[in-house]
């Protein structure tokens, strides 16, 4: 069986800076993989290259048997099947919570307003924000905004969701509510690729952790392997450092 | 000082012309201005330059010259327009350039993540601009756009130079016939004061009506 | 077309001489606008209540009444109220100059209010009187902060000198009209485009000179907070 997502030899440079130097990995249906790595290593770039929000220079990406990186790929249709959750939420500022979740099902999937509204309400309840549908982004806390943005991704019925440091812009007391939603998604069998340094989350739901540095995957393995017997000294050092920084809360 | 009530119906007629000319040219300017702004921000280089050149020309030369070019100059090329149409065309093309700059500022004030998020849920570029960027930019732009509208309202008073019988044109006619120059222009000044006041209040009302928490002029937002 | 251009070129010197009147008017307007605008701004920030109200009323009137109407009032008003006949240049200078003052005062006021209150306190603590402190400490900073807004106003005033056409001043637009009036209507387009180009050049030259002046007087660290907001008001 071929994996749900396959990434092969992705390269990307900005000016003279080679940000991705050949990244390859796969993601099976229902799997959750966590990407960790120092700042500026290319983690965000990798996620954005996967659905071509940033065009990669070289390398290929498949969603099931469709090549996303193919020149003739229907990129908007493919993106509609891949959720993306941003570090800075990026909720549409002029729309309410309901409007944010509803707009893409209406305008991209072609649902009627009634259908889209029903769907959006259900997704908002799923992330625990049924009561907040009329609030504008500026009227929500960071944690609530991030949960709306997860609902926005879910409403498209995505095959997988990419998370780019979804909790790192949040005050510590708001991180738990977002991780909780993500944990239950993982348990429900959603396929997820998550850049995060929340090691508690990684330990409890990740099938695999990928350690990236300088644009390549240095090492990958199950959380147990990575924590107990990393193959590379750098992996151990880094895990040790972030475990100290972020603690092991919220597992 | 004398004031003749018989002036009022004539001035009312002129007022109507003033309002029509301003409304029409602002509308034209709005349409062209949005296109120019989108061209300036998103279009490939040659188109971006063309838009910039248009804006430069219309902002760099006096409105009176532009008005004269349309009314006296275009006939040289075989295009003859009435004073009314000439005023609308000249003012419309001119305000388009100014509105474009305000729209551009507003589009650039919409945070970059908004476009990225719109594309990430599968919207096309066009959808992202129309559904996500413009609705925000148009709200952000209201204060400066209001200024522009009021400026146009005042500047429209130069159109009597091409014989348009707007508020000012009617006043000039009355004045010439009755030798009441000073008085009539004081009355016209009062008309404009009232107009400017009413229009700015209406625009403020509009701004409040469409306001969204967290979406304001740059600097006012979070 | 070519022969039209050649014919217009023959009128070039005449047009440029008329343009000199626009330039004189420009200097007159800027001078009136700068002086009166500064006074109005200072009064608005530091004046007593009645003075402040008067300054605000002045600003409101001169910003709300169209330039064309103001010029008519200044042209026909003085004879009517017994001051005597006034020539169009003076009428235009007063009307457009005071109007520019209203806009400039707004720019200066914003700049004065952007200066930290500590500056005034420090000046007073050294024994300066209020006026002295304003003149030697506040205004020199405020003028520098005003440069971006003031440059816009300057460009506007350059273009607004053509409005003196409306009171019959023999400036460049009126000279242009004498070129194409009557039997020479075919010269209208090339003549007017020539005038438009003159203004493009003048605007660029003006902005360039202002840039030079600004660099001369620039002081590190002294800048309008969130600078870049413009107050353009002229077409």
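Just so it is clear, A, B and C label the chains in written order, and each chain counts residues from 1 on its own.
To be clear about the criterion, a contact is a pair of C-beta atoms (placed from the backbone, for glycine too) under 8 Å apart; a residue touches a chain by one contact, two chains touch by 3 or more.
This structure is a prediction, so every number in the text was calculated from the model and none was measured.
Undergrad: Just to be sure I understand: the centre of a chain is the mean of its C-alpha atoms, right? Then which chain's centre is nearest the mean of all of them?
TA: B
Undergrad: Measuring between Cα centroids, which chain is at the maximum distance from subunit C?
TA: A
Undergrad: Would you mind pulling out the distance in Å between where the CA atoms of subunit A average out and where those of subunit B do?
TA: Each chain's C-alpha centroid was found; their separation is 45 Å.
Undergrad: Counting in whole Å, what is the centre-to-centre distance of subunit A and subunit C, each centre being its mean C-alpha position?
TA: The answer is 56 Å.
Undergrad: Which integer distance in Å separates the CA centroid of subunit B from that of subunit C?
TA: Spacing between the chain centres: roughly 21 Å.
Undergrad: Given the complex with subunit A, which residues does subunit B contribute to the contact?
TA: Of all residues in subunit B, those touching subunit A are 110-111, 113-114, 116-124, 127, 131-132, 135-136, 139, 212-215, 222.
Undergrad: Tell me, which parts of subunit C touch subunit B in their complex?
TA: Residues 4, 61, 64-70, 72-73, 75-77, 80-81, 159-160, 162-163, 165-166, 173, 176-177, 180, 185-190, 192-193, 195-196, 199-200, 203-204, 226, 229, 232-235.
Undergrad: In the complex of these two chains, what residues of subunit A are touching subunit B?
TA: 51, 53, 76-84, 86, 88, 90-94, 103-104, 107-108, 136-139, 149, 152-153, 156
Undergrad: Within their complex, state which residues of subunit B touch subunit C.
TA: So the residues of subunit B touching subunit C come out as 56-57, 59-66, 68-69, 72-77, 94-95, 98, 147, 151-152, 154-155, 157-158, 160-161, 168, 175, 181-183, 185-186, 188-189, 192-193, 196-197, 219.
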